[in-house]
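Below you'll find a set of structures to go through.
One chain, chain A, appears in both complexes that follow, with chain B as partner in the first and chain C in the second.
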Partner chain A sequence: MSNGEKRRGLWIDPRTKILLLLLCVLSATMAPSLLYEMLVVALVACFGIVCGKVRYSIIGVIVYGGFYLLTQAVLQMPSGNVQVMLIAFLGLVHKVYPCGILSGIIISTTKVGEFLSAMNRSHISQKIVIPVAVMLRYVPTIREDWHFIKDAMRMRDVSPNLKNFILHPAMTIECIYVPLMMAASKTADELTVASVTRGIENPTQRTSYVRIGFGIADLIVVLAFLAMFLVGQFYGEVF
Partner chain B sequence: MIELKNITFSYERREQGGLRNINLTVKNGECILLCGRSGCGKTTITRLVNGLIPRFYDGELTGQVVIDGKDIADLTMYEISEKVGSVFQNPRTQFFNTDSDSEIAFGLENQGMPTEVLRQRVETTAADLEIQSLRNRSLHALSGGEKQKVAFASVYAMNPDIYLLDEPSSNLDMDAIQDLRKHLKLVKQQGKTILIAEHRLYYLMDVVDRIVYMEQGQIAGIYTPEQFRAIEKDERKRMGLRAVDLHEVHPQFTSPGATENKILKLQDVGLYYKKQAIVEHINLSAGIGEIIGVVGHNGAGKTTLSRTLCGLHKEASGQFLWNEKAQDGKERLRRSYMVMQDVNFELFADSVEAECSFGIRNPDKSLIETTMDSLGLLPYRTHHPNTLSGGQKQRVAVAVSMICGKELLVFDEPTSGLDFDSMEQVALLIQKLSAMGKVIFVVTHDYEFVCRTCSRVLHIDHGEQCDDLPLVPDNEENLKKLFSI
Partner chain C sequence: MSAQSSYLNKKGLTVKDLVTIGIFTALFFVFELIGSLPFAPNPALTFYQPFGIALLCGPVYLLMVAKVPKRGGIVVLGIINGIIWYVLGMHWAMDLGYVVMGIVAEIVAGAKGYRNIKWNIASFSLFCLGPAGVFLAYFADPAAWAETMLDNGTSQEYIDMMTASAPAGMLPVILLGTIVLGIISGLVGKKLLKKQFEKAGITA
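The block that comes next holds the complex of A and B.
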């Protein structure tokens, strides 16, 4: 990039990313078939790979492939209550999955500063932008907190694994939920304090250490997602 | 100039930390240290000056805070932020970006400084504070000390007239504290006004101009560093203050030394993270009741060692022997317990009593009763753990470890951010556990605390075990060197 910073992958403006998410939601909810959904996931994964999230994207596709095969198998099953239940569940997974994986890519590749500057440029109210920014910043903190909580649980012989979750669901959830909430309120306070004492509420036009702005890359990815959506709408019968 | 005029304040829903009749004038270029017990109101004063009270923390406030002739009640938060820069205690939660450069630039971006000037400012900030090596790094990968430097840099870049620091050294090792001192001296030379609320006093003695001692929300005395140094040791302890000069702190040699029965042995233990060696060739044996201090720089691998001792970290080589029998991770996990720096993560239940029996299938009622009694927790048995003070939470965690019958305890920085009284209480607690025959490891940067409690000091740095010093009179020099005193 122009400031000599090493950045893995392509840089996409935060506003473009929001547009992509919107297109992805539309494509997934109005998807004509399972095969089409698979292609949407593949497109999202390609986007992830060019943004530098190679491992995450590949794993995302593989897991989705599993769901795809599972769904095919369920469809072959003799009809009955079990099949209806599974289809309802899998239907939900298919609607949510592509958007979930795209959100993951967006959150992990967007810096808080970039986000703030981009939103500021589009004159979006600070009342919306600042809480979202705190949220963006809070996500990696959850991961750190989770490591501590996992350690604490293991020392109390309440391991956070599937077996315990099935045997003692209430206790396992309590173990994760209580400390996470306690930590969250404190962390959110401290983050907010750190940001307001550095003038995050300043209404002047915000500048950015990292250059932001739309480029040719933004146009290409938007066109790709838009094409995907339109194909689904008008040539759905192909799939 | 900062003027606090007839300030009286009380927090909503909280007894401690209020202020009564505070009058204080800080001249331009002056450096003031605020000290006193936890809850004496020193942090509250810093929050008044940076405007967080009343804008962020609710409460009843009378009186006036005036900065450079302007009543800060008339200023907005971002106008105050251009005059007053704040550095806080917790390095984990005071940065807002994920990389160091963006973080240093963050305040300037908010001010709308043109990108070119902004880059230049980040450049000079890094040069002035000698932190070029921290540029363009992921903040999550930095050690606590390094994060704190970036936090200071991000304030420095905004070039405020007033620097406010609230217990900035709590999570720092000795070297990082020396760097902080250097940075404070630098901004003082630039004619900035500095206000620090702090428990650790020794590193500030040649930086500050005046020392404000507070007691229960009031200013109980204002000293020059000379007058402050002259305070008798016993008087200082009565005031609840930490040591002013670490040269005068000596090990007490009261802890049980090496007993014959070496119950725990580590033989050529190596610790790895994702196949990268962190620390190698650790050889150690510990007797029943021993209290071993684990010291080393931020990021040297102390936490990994603690987690491995408790069986939480799996990538390790070498032998862990307990009573001459080799122990795998699972057995270590069953035998040990770690009292974390942030105890909140290990408290799950909705009352102290429920916490003590949490996760145990057939809890022994009388054991729980006696344990709570011996740790002074009986009056709080129905309280929610979250309503307790930090020290009380620590004791609840210790109670849990006793009820679970754990034999090896690790304390991770149990005294960070504690005043003298609380530090002494932690020391007594640990000595009690030692008398009960536990093997105890304490990860710490706190020289006073080490002198007060430990029987041995294990030093880890540069990927190896550098020293294993028994605390005997002959070793005092070495110990001081270890803490760069």
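The block that comes next holds the complex of A and C.
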């Protein structure tokens, strides 16, 4: 690393991260039991800690532990409609949670430049890569924008709740959509100018300040996730 | 020099278009999440999930088409949506549905050069049928569908309850309802576009 700023934790190639995400999706969707899924989450959290996201990972495990206990409690409940609903809901949570937390770690530890370089090196079309990179960065901004918009709406005595929505639908719709979409198109223009200034349209081979490449660390994490997946597939009865 | 200038005058999607598509895909995705949250976790209501998407995303879609009136934009939106929902562990038919309906919607909107608002609205309601692809797979072969979902980690109770709340005539209701809601959402979007965004000069 030559860019002065010291990086916390291990550096993993963006392509490896995508592979990890794929393995995690497979492990989580074909998980033989809840205990196994807990182990997957633990593995993801270890990966997060190694990458320098200590607090995020620990909170993730604790929240998942809560869901785990809740699921156990629901399973003990007398069966009925309520139980089926709760199980269905928790089933969805268990399916999405490990991937969600891993995506969070990956997005927050990958810089856009690294992502673009790695994708470019794998010869994936810019038509997909650029929108994906922009999108991943923009989703958190929408949340921020939304808080500002809500504040502004309160000042004008419009509140984005169900009651107002039924009483003044047109007004509420306008107050939600217009600022969000205005902000979005303004950001799109600004971001375009910024990226064109930095030479994204340059037709020659992209160069990068950061050295992108696979290392021993990549191999180790991939092996760890692969082992997790295979254990779930072939030794599922152990859990 | 000539190679460079031909690059800059390229007809296809420019970087500006790609960035715009990225931003609006993010917004589209957020509205999709909000639209499906009340439906998806509940087995009795899960069939209506495309309704939520169709109802909320119209204005975003129309503004995106207005800002990127070029071949390829809608397909990219469909492909990225498919990728994201796949990563989130959804049934493959839903992801495939997004890509296929993205292409169909592209053709419909492109027929009038992306400038005709009625055709754009029609293209939007077709696009919304994408997530309903998972139900097409369900009604085509419920047994195989249940198997895939079980492999994907959905619980048996969820599927049982879904089957219980799905009478045979359900599929046309879902498809028609999605199209109707898509058109309503599109009309709201048209009004917003006319009232706010055209005046602000954003749609060009």
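Assume the second predicted complex is superposed on the first by the 191 of 239 C-alpha atoms of A that agree within 3 Å, B and C clash if a C-alpha of one lies under 4 Å from a C-alpha of the other, contacts with A are read in each partner's own complex, and residues count from 1 in each chain.
Definition applied: contacts are C-beta pairs under 8 Å (C-beta built on N, C-alpha and C of every residue); 3 or more make two chains touch, one makes a residue touch a chain.
All figures in this text were calculated on a predicted structure; none of them were measured in a lab.
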{"item": "A:76 touches, of chain B and chain C: first, second, both or neither?", "value": "neither"}
{"item": "Partner chain in contact with A:191 - chain B first, chain C second, else both or neither", "value": "both"}
{"item": "First, second, both or neither for A:92, with chain B first and chain C second", "value": "second"}
{"item": "Touching partner for A:130 - first (chain B), second (chain C), both, neither", "value": "second"}
{"item": "Partner chain in contact with A:178 - chain B first, chain C second, else both or neither", "value": "both"}
{"item": "Partner chain(s) touched by A:201 [first = chain B, second = chain C, both, neither]", "value": "both"}
{"item": "Set intersection of chain A contacts, chain C complex versus chain B complex", "value": "133, 174, 178, 182, 187, 191-192, 195-196, 200-201, 203"}
{"item": "List of chain A residues in touch with chain B within their complex", "value": "3, 5-6, 111-113, 116-117, 133, 137, 140-141, 144-145, 148-149, 151-152, 154-158, 171, 174-175, 178-179, 182-183, 186-187, 190-211"}
{"item": "Contacting residues of chain C [partner chain A, same complex]", "value": "3-4, 7-8, 13-16, 18-27, 29-30, 40-43, 59-60, 63, 67, 72, 76, 79-80, 83, 86-89, 151-155, 157-158, 160-161, 188, 192, 195-197, 200, 202"}
{"item": "Chain A partner contacts - residues on chain B that touch it in the complex", "value": "50-52, 55-56, 76-78, 80-82, 84-86, 88, 90, 92-99, 101-102, 105-115, 118-119, 122, 136, 140, 151, 154-155, 158, 307, 310, 312, 333-334, 336-338, 340, 342, 344-349, 358-359, 386, 400, 404"}
{"item": "Contact footprint of chain C on chain A as seen in their complex", "value": "21, 25, 28-31, 84-85, 87-89, 91-92, 94-96, 99-100, 103, 126-128, 130-135, 138-139, 142, 173-174, 177-178, 180-182, 184-185, 187-189, 191-192, 195-196, 200-201, 203"}
